[in-house]
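Okay, so here's the structure we're looking at.
First chain written, first letter: the chains are A, B, C and D, and each begins at residue 1.
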Amino acid sequence: MSLTAAFVGLGAMGYRMAAHLPKSFDQVLVWNRTFSKAQQHAEQYGTQAVSIEQATQADIIFSCLPTSADVESIIRQYPPKAGAIWIDCTSGEPESAKRMVEFLKQYQADYLDAPVSGQTIGAEKGTLTVMVGGDTAVFERAQTAIEPFAGLIKHVGEPGAGFAVKAVNNMLLAVHLWATTEGFTALKANGVDLQSALECINTSSGKSGVTENVFPQRVLNRHFPLTFALPLLAKDTGIALKLAQSVKLPTPLLSLTQNLIQTASLTAAPDSDFSAAVKLYESWTKITLE
Amino acid sequence: MSLTAAFVGLGAMGYRMAAHLPKSFDQVLVWNRTFSKAQQHAEQYGTQAVSIEQATQADIIFSCLPTSADVESIIRQYPPKAGAIWIDCTSGEPESAKRMVEFLKQYQADYLDAPVSGQTIGAEKGTLTVMVGGDTAVFERAQTAIEPFAGLIKHVGEPGAGFAVKAVNNMLLAVHLWATTEGFTALKANGVDLQSALECINTSSGKSGVTENVFPQRVLNRHFPLTFALPLLAKDTGIALKLAQSVKLPTPLLSLTQNLIQTASLTAAPDSDFSAAVKLYESWTKITLE
Amino acid sequence: MSLTAAFVGLGAMGYRMAAHLPKSFDQVLVWNRTFSKAQQHAEQYGTQAVSIEQATQADIIFSCLPTSADVESIIRQYPPKAGAIWIDCTSGEPESAKRMVEFLKQYQADYLDAPVSGQTIGAEKGTLTVMVGGDTAVFERAQTAIEPFAGLIKHVGEPGAGFAVKAVNNMLLAVHLWATTEGFTALKANGVDLQSALECINTSSGKSGVTENVFPQRVLNRHFPLTFALPLLAKDTGIALKLAQSVKLPTPLLSLTQNLIQTASLTAAPDSDFSAAVKLYESWTKITLE
Amino acid sequence: MSLTAAFVGLGAMGYRMAAHLPKSFDQVLVWNRTFSKAQQHAEQYGTQAVSIEQATQADIIFSCLPTSADVESIIRQYPPKAGAIWIDCTSGEPESAKRMVEFLKQYQADYLDAPVSGQTIGAEKGTLTVMVGGDTAVFERAQTAIEPFAGLIKHVGEPGAGFAVKAVNNMLLAVHLWATTEGFTALKANGVDLQSALECINTSSGKSGVTENVFPQRVLNRHFPLTFALPLLAKDTGIALKLAQSVKLPTPLLSLTQNLIQTASLTAAPDSDFSAAVKLYESWTKITLE
């Protein structure tokens, strides 16, 4: 491809995602608020560290920032050139996607919401799941640009649909995490061996990504490695809730989960991984999951 | 093995589980309340349909009945002979397991709680997960007897521990089912294609047995095949809750789930599969998950 | 007072509130979407039925409409004259109050959010509680205008504070209603006489406006008279929830209540009184509270 | 009356209740685990401090102990004489009342569950509400014995009905307390004056015993005087929940409340008043209700 790509936001995910782009693009520009990180990326992967003005003039601009507000503020200040496609991999808000699609029309530029799932390990291996919302024709033009870091690319609907699916995915992650925490504490308090219980459940109907991955790799071994911050999970559960509230749906279970995760986020140590939400519950029960 | 085995309770699970026993036992006795089902089993699998008095005199007695109360009532009326092992595959109550171990001591007989997971398909293939609570020595004597229908056999702790793990497994199933229902309804109400959303989530952190199996095979295709009745799921979530309450643990998320499943059970059509719990939510929102 | 007052919105509350104004104002204008109701009011109470253009040119304009959106739309289309005070008795949204205060500055007019509590009986007797948000000087100028229909007038804070207190009041009403419903159903199912239970609780620590008024006057006698519609209670609980979410507070109990009331509203017969929320719960338990 | 009365358990409530008995009984025996308290009572009110063997031989025995287990253990060890009535003012368990009625039949003695509400102030003034479960004839024989400390005596149903009403009353207290805490925190975080809000709500539909008494007298003034311990409220909400679960009722709101109060109890300082449950919520939000 003779197109220029840019990657805006080199966090834990973005840094690894941008590393795959030189496979498919001759020129890959990278930008990060802390600029030294962009320079480090350039050295490590042969990309170019540039200013935000330059980055946003690429043919394809990827962004992966903490919130939709961060993305909107950059897009409004540095709108892309005509014909460009902005592919926003942030875990963002459906409403923001709709606004950005409208906003970019005056610049003859396009926008796709394309959040990713698969954690840092998936970003590193280039096997992320990318859930894309937006116009079908734009999606088709953008698809090959996304491939370098994707294991699965799925067009899930109109603008905002990608963000919606991601928010619900993360809400389910939160539900599973908290429910498994309550359930496993009850087992431990009743003298059951948790490793054996995990093994049983992982071949049974109660299994989930939490019992298969989060509990063995983060919780029961007490590692809680910071790869996805707890306040960001709280933000995502809030987005999922807003999605339901916007259509006046009652969601008793999701609401309770959001409240619990929000409480965990408010009371957690700074720089807590999402999995450290279990520590709030442990502080109530004085039982440690290990 | 020259031992005699008996299987008490030929429901959807038991019928298929008992079918594997002739592989390992010379003589397999079967009993069912509706006796014709035992006779049918005998014809189909070469087992012997017998009276409950005869069945309970086997060397190894398996039971798989709706509730612990059903099992206790048979054991008290027809206690096994000395040296026998009663392997109770019911999704039962931990307290009942403790009582039965004590009760059988006077008959020099042993009891293991050994509930299974894997649905009718796993029972048919003989690949069930069996979570066993009880004395280690008894477990070791019983292990080969369980193997014919098991994919995984796991000793998870003292008497009642097997029932505890099964109850928590089924509680997690209930949590995942209800949460996925709320989340997917929010997606549908916002115009997202549910099959695409499912595909994304099944390669992402929000996946579970519900998104991998229950939703595609029972809910989104509107089949709701009756293999595990909704009132039994309500009973199991009640057992999990009692487990937590017995040690005074707060379990906000599990309690809410139990209340929702209990409501679904109270309002469901007779003979509803557990997956039909989603229909209660659909009656609230007037949105059908398909 | 030689000032002209106008009352916009003659619903169940407004019709009775406006009836008190001729005590203090020489001229009282009334407007209602269904104009015949304004004419009826004029005949009955000596007010003048006028067009919305005329009504909004009064010195003091009261409004009492279903939602803040209704009020905002009228204010933007028919802004009041300089020096006027718009006293909005709607159960509205705090954010809207802030917007209206700002909007009216360009017209040198003032706005107070002044929602009322006390039901139709309080409106009739002129003993309503009025919780007022807004500038202190404006509040002081407006106070005597409010007196005709008020038993208690309280300045509770900045613009929006009145709406906030009203929303929390109605949320508490909703919580008390649902909790009493669950509790009394448990009592009835256990053979307790509900009238006696009510009498005990009304002299005990568990009493509330619901046990003192709503249960005896609306629920246990099965009257459910429509004076405050269930969808409006659902709207108010939503406002209270938004208030908490705007400052990122976890509110597990209020969230669950809002979800239950929202479900009740979605499934209720049209024109249901708020007290008919208990019927949703009765449909689950098949137990009637009487 | 020439009958002898005894009072077993001189806690915060019992001490004050027993003080009224000499008005109606010639002889009043008192017993307490810490015996010095009984001696102090005797000196202060002209009662007689006696052994538990003596106390339980009175004609009318009142008990007011922390739990039903405490009462049962005394009754089984020291059953009353034939013709005696045991009036149990403990906040106890309905099932226990049924057991005690049965147990005392062999001694030709009767039992009433007669829990009280009204706090220490009501005990002091002799204006308690007494909710009585049990046989009607026994209730009628016992009524005058109860009068000295009662403002309202109400026969609410069969054995256990009194305990049931008390448990539901205290559950409602717990619901109101927690809901008011969440709501008032949202108000404070939005700049509303809490005293003014309280004044408005106390003349509005959202009022309750909590807004009228608990918040002004215990919470907003930061006194939290220990008159009713938080673990006892957690116990009572547990009794109410068991009451609902015994008849398989779903109770989403009561269950969540019980979980929150149980969490508050687990994490509270020793000797916390029930009103100090708000401190758990304050630890989450970092906002103090004052």
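The rule is simple: a contact is a pair of C-beta atoms (placed from the backbone, for glycine too) under 8 Å apart; a residue touches a chain by one contact, two chains touch by 3 or more.
Because the structure is predicted, anything quoted here is derived from the model rather than measured.
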item	value
Graph separation of chain A and chain C (steps between touching chains)	1
Centroid distance [mean C-alpha coordinates] between chain D and chain B, Å	42
Distance from chain D to chain A - Cα centre to Cα centre, in angstrom	51
Rounded Å distance, chain C centre to chain D centre (Cα mean)	36
Per-residue overlap in chain D, given as positions that touch at least 2 other chains	249-252, 256, 260, 263, 266, 284-285
Contact graph of the chains (line, ring, star, complete, other)	complete
Partner chain B, residues of chain C touching it in the complex	252, 256, 263, 266-267, 283-286
Chain A contact footprint on chain B (complex, rising order)	94, 117-119, 129, 131, 151-152, 154-158, 160-161, 164-165, 168-173, 175-176, 178-180, 182-187, 189-193, 196-197, 199-201, 203-209, 211, 213-214, 240, 243-244, 246-247, 249-254, 256-257, 260, 284-285, 287
Chain B contact footprint on chain D (complex, rising order)	238, 245, 248-252, 255-256, 258-260, 262-263, 266
